[in-house]
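Before anything else, here's the structure in question.
By written order: A, B, C, D and E. Residues from 1 in each chain.
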Amino acid sequence: MILARVTGEVVASQKHPSHEGLKLLRVQPENSSTPQHLIAMDAVGAGIGERVIVVQDGFAAMTAVNRPQSPIDCAVIGIVDSTNEI
Amino acid sequence: MILARVTGEVVASQKHPSHEGLKLLRVQPENSSTPQHLIAMDAVGAGIGERVIVVQDGFAAMTAVNRPQSPIDCAVIGIVDSTNEI
Amino acid sequence: MILARVTGEVVASQKHPSHEGLKLLRVQPENSSTPQHLIAMDAVGAGIGERVIVVQDGFAAMTAVNRPQSPIDCAVIGIVDSTNEI
Amino acid sequence: MILARVTGEVVASQKHPSHEGLKLLRVQPENSSTPQHLIAMDAVGAGIGERVIVVQDGFAAMTAVNRPQSPIDCAVIGIVDSTNEI
Amino acid sequence: MILARVTGEVVASQKHPSHEGLKLLRVQPENSSTPQHLIAMDAVGAGIGERVIVVQDGFAAMTAVNRPQSPIDCAVIGIVDSTNEI
């Protein structure tokens, strides 16, 4: 998993039927060397501006939103309260 | 998933039989630090120039085009209407 | 797998129910070209400052912590005693 | 998938038994920012110098060469006839 | 798969029980743009200094060492005899 910041939502009317009712979040990975963001399914009710934990694996992301037969490879699975860093 | 722009189509006559009837799109990831593009199976009828959502996982991509036993690792699964970004 | 250093812990109260009781570690990959760290589930009782082995695959990471239906893609699976390098 | 150029073959006598009879190709990804090449199993009879489509997923690559229990994560699955690019 | 050079071994006494009896190799990918190495399970009896083929997929790596329920995502699956490159 990685830490990221939620920076927006994505709306797509033309999409896979299994994505109905799910929220697509645009997240920016922390400390990334590039400005490339990820599009992640929201599994925890995360909002814009929140610091979150993102999983980047197909089966794991499908499991996070309980849709095992849906084309998903990335999901927000936690909202960070705090980190204890050296 | 990532956001990308469809920049072309790829034609291959010599290919895996399970790819028959599928459209291969050339997509350019947004904000990528390199000019490397991806080749993705089209699951939503996307056309050249459109901004799309791309999934990069084997099982997820196979599910997107409903071919669970086909060698596919990338698919276009949504056409972006709008993004709400901070 | 890669070698990494444990640099912290992450606390998230809003998370997937299957993550209850697991410890989330912040690890810094060795010799990485970027400052981006990873968030890994602890499977071996690793502590801050230790040099560890990290697995980055969904099924492998779930297996490491014995939670096959949990959204996890990264786990600490060993604590390094020594390396024999040329 | 990505586009790549076949730049060589690799011979390994010490290998996994399930690889017997398969051809290992050295391919150079197109537009890559680094000179790192990939080693891919040939599933379509590709030759040196040809422009090909490469899949980079374990299950997908195993499926491409019809060896579902073999350690393979990359395969050449198409030979490019033409691309239509903007 | 990628080509790499074996540059060392890693010893970890605190590890997943399923790793008992396996040898962990430190390998340096060829032509990599960064000095980051990988830790791979040895499936072919490779030694330090040898040029090898490395697979980077969970299921593929587990299959290589015949431990389908072990947290492994990388394995050495061949020793290179020669390459024929243009």
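The rule is short, and it goes like this: a contact is a pair of C-beta atoms (placed from the backbone, for glycine too) under 8 Å apart; a residue touches a chain by one contact, two chains touch by 3 or more.
Computed from a predicted model, the values in this text were never measured in an experiment.
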{"item": "Steps needed, at fewest, to go from subunit C to subunit E via touching chains", "value": "1"}
{"item": "Separation of mean Cα positions, subunit C and subunit B [Å, integer]", "value": "31"}
{"item": "Computed distance of Cα centres, subunit D from subunit B, in Å", "value": "19"}
{"item": "Overlap residues in subunit E, where contacts from two or more other chains coincide", "value": "33, 57-59, 61"}
{"item": "Ring topology as an ordered chain list, initiated at subunit B and continued via subunit D", "value": "B, D, E, C, A"}
{"item": "Subunit A - residues contacting subunit C, complex", "value": "1-3, 29-33, 43-46, 53, 55-61, 63-64, 75, 77-86"}
{"item": "List of subunit B residues in touch with subunit D within their complex", "value": "7-16, 19, 24, 26, 33-40, 48-49, 57-59, 61-62, 69-74"}
